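The next part holds the structures, each set out as structure tokens.
There are two complexes below, and they share chain A, which is joined by chain B in the first and by chain C in the second.
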Partner chain A sequence: MAYDFSVVLRFQDALALGLWMTIKLTLICVVLGCSLGFFIGLARTSRSAFLRAVSSIYVEFFRGTPVLVQLFWIFFCLPLILGVELSNLASGVIALTLYMGAITSETFRASLKSIGPEQLDACVALGLPRRVQVTSVILPQAVLRAVPTLLSNCVSLFKESALVSAVGMADLMFVGQNISNNTARPVEVLTVVALIYFVIAFPLTRAVTLVERRVLAKLAI
Partner chain B sequence: MTMSFSAPLVKIKSLHKSYGPHIQVLKGLDIEMKPGERVVVIGPSGGGKSTLLRVMMGLEKIDSGSISFAGKPYISSEAADKKTVIDTEVRRSIGMVFQHYTLFPHLNVIQNLILAPCKVRGENKASATKRAQALLERFGLGAKASAYPAQLSGGQKQRVAIARALMLDPKLMLFDEVTSALDPELVAEVEQVILQLAAQDMPMMIVTHDMWFAKNIASRVIFCAGGVVVEDGPPEQVLGSPKEERTRDFIERVFHIRH
Partner chain C sequence: MGYSFDFRSVSFGPLWEGLIVTLQLTVAANIIGVVLGFPLALLIMSRFAPIRLPAMLFVEFFRCTPAIVQIVWFFYCVPMLFNVFLGSMTMGILALGLNLMAFNAEAYRAAIQAVPREQLDAGIALGLNPLQRTLYIVLPTAVRASIPVLLTNGIGIFQQSALVAIVAVQDLMYQAKTLATETYRPIETFTIVALVYFAVSFPVSQIVGYLERRRQLMMS
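Here is the complex of A and B:
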């Protein structure tokens, strides 16, 4: 069988639109998910037993169920329960944000925990009030330490966002699948789709390594 | 005996401290420190030296006893619920430097120095920076103002840590084994800085294993073992011809004297 990659070029506009949807969805969920994860991470290390319990249940639930099931649930069950129609994009954003929030909260929690008790000793010896300890010493270090892992989380989200094609969102994967079905050229189309994901994700994973090295060099004491 | 009317700077009264139910670290410590004194605390590991300093800084809970600073009690234990009460206003007169530098790694040297003055005392950034720069110059660190802690040697980090504590104009400095983590060739530069402070009559309490340093800086040496003060006196006595058998054993061991 002869491969004909020109079929991909004929559909380049559709693929570009799909890619744009993938990128848009990823960026929105990166911002919302990381913000959510930050506060959930704080809640999980909080002194309040109530906050710890609620945040733990949330995190364990979303880490312990398949993302695909979460997506289906939000797309098909949530509208029934709420009694409101949600747009595809809104449902996708809600689902992936909740998922990303759970994942990144673990990242923030780990980085908060990695700050040694001697940093708090120094804060006390300098007479820093609790608020200043948190905002000027603990949080900046925690965020800095979290950055490399957060970037990894973001790259993962970019790749896993392909799952939304299963619920009919017109992302890169969805468009690719449609073209491949309609043209009966799965090898050409799906290979190109895979390459597009790779060309974007690969430099990002390399960047993570570089950022990690720089962050570690800076925080090494 | 001459009567002294100067009130003690620090008064530690029957201080007890334990970690858990079985490990008693301080078993009724009584120490009075006069203004201008430089007290070096020596003794075997686990004898409670570092714990004493940490308690004085308010970093540890106590079981019972009290500590006053300049006549004001600032650390005490409530008999009823065994809660340690700390007067943070009084505590701010005390500065402390630790064995492991504890600089803030995400802030550069100047930022490390001005954080507390700006955030605690509300000093404006320009004046704090000016004071910080002057202090760094004095400690031979003028060129390191914008360096990050990770870019400094151990000795430089420790000098920055001392400068950071001095930014708050402490009336008493606590040094907890500040040269123990340093490479031998870096010890002198840190000790020089502390000697410089001593020359300006800064009251200090120092825990150290460096007997040369102890001899050179102390106006008084306390030998602490098993959670109590075993011997207390001028350095010539405690380090030179100790009266107590336990002190003698310890001093002989650390000075490697062979008979």
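Here is the complex of A and C:
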């Protein structure tokens, strides 16, 4: 059987729309998920046992179950429990944000842990209020240390976002599968879809390595 | 709206069968990943570019594309490209196994690079040939050092294995989807299934945490 990659070109607009959906979803969830993750990371290191317990259960649960199951749960069960209709995009955003929040909170927790106790002692000695300790001392250092891992979390999220195709959201994977089913040319279409994901994710992973080296060099001073 | 829960309508028979399939997939993929990941790591680290580059491309490709794309690609394209028709279980194992192999190769590579230079020098001084050095010095040290990451990757593949439900392998997730549609009880079914996945992953991730803490204590 001859392979004809020009099939893909005919559907380039549809694929571009799908890619845009994938990127939009990823960007929204990166922003929301990182913010959520930072607060969860703080909650996990908090002095209150209640906050620690709740945040640990959340993180362990989302890290311990497949993202696909989480997606299905949020798509099919959340509307029933809340009694409101959720749009596809809203459900996708909720599911991926909760997932991203769980994995980035671990990143933030590790970077918070790496800030030595002597820094907090210094803050106390300077009489800084708790809020200033967090915003001016802990946050900048924690974020700097977390950046490389956060970037690789973003790459993971970008890849996991392909799962929303399974619940019928029109992202790159969904569009690709549709085209491949309708044209009966899975080899060409699916290969191109895989290549598109690769072309975006691969440079990002290289960037992670570069940033990692930068940050390490900066912290080593 | 008050939702009345009814967990009795969830039949555990199919879910149990699904879990067995999921565990079979996980174990088989892990055997492929753990065993073949090591030689792949050696290939990535080869000084000879025609060996290194294809191996690196293989690893990067699996690490930089979504697992669902890989699995769907595998199920649709491998039979067409190579004209082979394997059972869906075999295909699932191969797709997951190759994915895990790429991730484990990276874990092994990091561990191999962490093998102290002196140990290899000692190996040369003792007159061991490169194969013996790899088998008796690099392999035991690197494998022991990479156990936490291998376990994390292994549990990752246990979770990723839920994806094969999309291509109709009858694993836990597939049974859950069928059951949820048949009984109109998605909340109960998916909650139970999520708990089942969690009950398997959580203990393993606790073991990983324990191993890592012990290792840090040993290092300090």
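Following the convention adopted for this analysis, the second predicted complex is superposed on the first by the 207 of 221 C-alpha atoms of A that agree within 3 Å, B and C clash if a C-alpha of one lies under 4 Å from a C-alpha of the other, contacts with A are read in each partner's own complex, and residues count from 1 in each chain.
We adopt the following convention: contacts are C-beta pairs under 8 Å (C-beta built on N, C-alpha and C of every residue); 3 or more make two chains touch, one makes a residue touch a chain.
Since this is a predicted model, take the numbers as computed values, not measurements.
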item	value
Touched partner set for A:Leu144, first chain B, second chain C, both or neither	first
Contacts of A:Glu60 with chain B and chain C, given as first, second, both or neither	second
Which of chain B and chain C A:Pro186 touches, first, second, both or neither	second
Chain B versus chain C as contact partner of A:Phe198, first or second or both or neither	second
Broader residue contact with chain A after superposition on the shared chain, chain B or chain C	C
Partner chain(s) touched by A:Thr209 [first = chain B, second = chain C, both, neither]	neither
Which of chain B and chain C A:Phe76 touches, first, second, both or neither	second
Touched partner set for A:Gly127, first chain B, second chain C, both or neither	first
Which of chain B and chain C A:Ser48 touches, first, second, both or neither	neither
Touching residues (chain side chain A, partner chain B) in the complex	118-119, 121-122, 124-129, 132, 136-137, 140-141, 144, 217-221
Touching residues on chain B, where the partner in the complex is chain A	54, 57-59, 88, 91-92, 95-96, 98, 100-106, 115-116, 119-120, 148-150, 157, 164-165, 168
Contacting residues of chain A [partner chain C, same complex]	1, 60-61, 63-70, 72-73, 76-77, 80-81, 83, 155, 159-163, 165-166, 173, 176-177, 180, 186-187, 190-191, 193-194, 197-198, 201-202, 205
In the complex with chain A, residue positions of chain C that touch it	1, 3, 60-61, 63-70, 72-73, 76-77, 80-81, 159-163, 165-166, 173, 176-177, 180, 186-187, 190-191, 193-194, 197-198, 201-202, 205
